[in-house]
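Next up is a structure, given as structure tokens.
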Amino acid sequence: MVETILTTSMGIMLVSIILSIIRFVKGPCYTDRVIAFDVMTISSLAIIAGVAYLSGRVIYLDVAMVYGILSFLGVLVVARYMEKGL
Amino acid sequence: MEQIGLSHIAITTGILLILTGLWGILTQKNIIKMIIGFSLFDTGIHIVMVGVGYVEGKTAPILDEAVQLKEAARQIVDPLPQAMVLTAIVIGIGITALMLAYALRLYQKNKTLDIQKFNDLKW
Amino acid sequence: MLKKIFTAAVIVAFAIILLKGYGFSGPDQQLNEVAERYAEKGPEEVGAANLVTAVIVTYRGLDTLGEVTILFLTASIIGFFLKTRREDLTAPPQVRKTSEILSTASRIISPIIFLFGAYVFINGHLTPGGGFQGGAIVASGLVLMLLANPLKTVNHKIISVVESISGISFVLLGVLGLVLAAGFLDNAFIGPGRFGSLISAGAIPIIYIFIGLKVGSELSGIVSNLQETQKEEI
Amino acid sequence: MQAKNVFVSFLIGLIFWTLLNNTFDPLILSVGAGLSLLLSLIFCARCDVFSELKLTPVALLYTGIYLVVFLYELIKSNLDVARRVITPSLPINPGIVEVKTRLQSKMGRMILANSITLTPGTLTIDISGDTLYIHWIDVKTEDTQEATEKIVRKFEKYLEKIYG
Amino acid sequence: MIIKIIAIIIGLAILLMALIAVYNKKLIVAIVAAGVVSLFASVMYLLLSAPDVAMTEAAIGSGLSTIIFFYVVNKIRKNRKDHA
Amino acid sequence: MNILAIIGAFVTLAGSIFLLLGSVGLLRMPDCYNRIQAGTKASTLGTILSFAGILLIMPGWWGKLLILIISVILTNPVSSHVLARASYHKRVPLTKATLVDKYQEEEEYIAVKDQHKEDQNNDQT
């Protein structure tokens, strides 16, 4: 029961990753691509948590923590580059 | 779906990524694009190596309450390729940074990033 | 056009070599001998719960030494290449100010990032992670501080002092293993401790702390050398 | 004021370390305490982030109330954005408005700006002095005073109690 | 089962992003696409049950190398402005 | 199979639906700022709900999941604010439907004016 629902929700997260990939390919300006990158990172966080549950290993969450703490640095550096702040 | 293993998917992806990176290195004229191609090549090799070490249906080589100590050899994947790849990734960023520093220096000297304009060694 | 065809031929040849090497046979269904030896004997010989750590620090410790040397060489070559001249400070730097939100947030987040990096390399023998990852996380914390305040300069003296002290301590620990135990970088000269607790696996936590500090300071040196905005030698 | 800074950041570091290790083993706790004391002495001795924070029971109570209000607004904002997204005609009329805040401390302003970013249809674009520029997905009013009433007030009255 | 589907989609995404990184004219887009390749590669390592490698790739490949690329491109831009 | 686990599974499902709506908004919205709004908000709540659901299913993992939730709440609005500010300073155009724009020409920065056109040419390195 629980695993079926979790599998469904991980499928929905995958669909969301695919939609943001479409935005990345289309995106007219840099901001669109960067925001698509952000959404992809966050969806991957949720997917990693789901994989950690399905494998039954708490240690996989450490990887998710590295993402959660460091992922916004990439967005930050692109934004500062765009506004000539580096 | 049953006969396709996870490692088949990983190794196919890795090989195609290697070829894409090599294509990028060979066809692009901008130095920075060539360095990006090199880093793609690097990632592809890492994926292939980890995929070769994967054993179907087994878990990570870290022993905690989810893996029994006695049964460890039947429950974990190969730790050796993972250690190698870990080393390789760290060296990879060093190489990438070094290449970027060279590219920056070349730009400061020649005022261009086009690889075909660098004809100092031609005669 | 001819060039493109030639390139495509090279790619195809490379692909054929790769596919021959793999042969579509698929992976084994069980571990090979070396991995089985590591999995069975590793926990008692080394005492680390994370077998990747055991392989990196003890079984293949010399590789790690070489790797750290390569990083050190890279960092020093970059520092030598992008050497800046101090007297070019005439033109004021043209940098847009950071917003107040980012500078406040970086004051809170960067100590947390450093603490997380320390957690990663102290617990390297129990959880995924270790010196390299922890060093990279520490360098990322430094990057956050530099992003929030672009005109800040990093003190290169502190970085190089930390780097050399940890490098020397790493080699000394290796030699200590040679003298007191079976070989170079053998970790058994400190008692093994209880399996799975923080004080276990002999000298691995100490070695990993030094590796983490060394990698962190090297990556920070690379980043700050590439970052320094105002002192350009043109 | 410096002792308070160091103390608060030390406390935050210790809580973070405990959550990370998920244990109360005295050895691990002492390692964490040493590390977070060192880090807070290095990084927070000269910064003024936590100096306006009030450490009274009333402030703690208001922090709890603020969290509840914030979570409610977060869920409301998401339902709002979701409704706009799935409506076929895409009912948006966006604009950038200007609002004022009474908060003085940097930390309070940061929390205010983050809360505004996460709540219904608003996104902080820039902050200078006591003026915040806000991108609003559904502009109801262009007047500064009314916009302040609508956007800022509901958080500000709690944050004032906490940060003064 | 779901893990294999995730792996297939992640693999396709990696290849698409690699093509963008090689063929896009704009340098910034290429660098960000290379960062996305690293991100998905890290998820792939996690599926192959290699959390150590995944962590390294997350911290180094996706974080630090993108940042280093941007610093260098920024220096090149400044240099060009000085000599324009 | 206790009732808490099933509640947690449904919470995770709700989180994934919010993530999906966020990326649909990313596709449908007309300009950058609206896309930032849709993208960051919905994905923040979606991720938080997914972690909360797994927290309900596996209560023993609370420490790390709590850190994940806190870090997402702390870092995500900062990055979206910085991104919005950067795209405003790069003069990414607002959509036609925009009613008011009070934030015009507040340039008290050190940066040199009117270099954005040259910059846009230069980006095609």
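To keep things simple, chains are lettered A, B, C, D, E and F as they appear, and every chain counts its residues starting from 1.
Criterion: a residue touches a chain if its C-beta (ideal position, glycine included) is under 8 Å from a C-beta of that chain, and two chains touch if they have at least 3 such contacts.
Computed from a prediction, not measured in an experiment: that's the story for all the values here.
The chain with its CA mean position farthest from that of subunit D is B.
The chain pair with more C-beta contacts between its two chains, of B-C and A-B, is B-C.
For the pair subunit A and subunit E, the distance between C-alpha centroids works out to 13 Å. Averaged C-alpha coordinates give centres for subunit B and subunit F that are 30 Å from one another.
Inter-chain centre distance (subunit E to subunit F, centres taken as mean C-alpha positions): 20 Å.
In subunit D, the positions touching at least two other chains are 16, 20-21, 113-114, 124, 126. Counting partner chains per residue, subunit E shows two or more touched chains at residues 1, 3, 27-28, 47, 49, 51-52, 54-56, 59-60, 63-64, 67-68, 71-73, 75-76, 79. Residue positions 10, 17, 30, 34, 55, 57-60, 62-63, 65-66, 69-71, 73, 76-78, 80, 83-86 of subunit A are each in touch with at least two other chains.
The residues of subunit A lying in touch with subunit C in their complex are 59, 62-63, 65-66, 69-70, 73, 76-77, 80, 83-86. Residues 99-101, 104-105, 107-108, 110-112, 114-116, 118-119, 122-123, 198-199 of subunit C touch subunit D in their complex. Listed in rising order, the residues of subunit A touching subunit E in the complex are 7, 10-11, 14, 17-18, 21, 24-25, 30, 33-34, 37, 40-41, 44, 47-48, 51, 54-55, 57, 59-60, 62-63, 66-67, 70-71, 73-74, 77-78, 81, 86. For subunit F in complex with subunit D, the touching residues are 18, 21-22, 24-25, 28-31, 33-34, 36-38, 40-42, 44-45, 62-64, 66-67, 73-74, 76-78, 80-81, 84-85, 88, 94-95, 97-103, 106, 108. Contact residues of subunit D toward subunit F in the complex are 16, 18-22, 74-75, 77-78, 81-82, 84-86, 90, 92-98, 113-114, 117-118, 121, 123-126, 128, 133, 135, 137, 139, 142.
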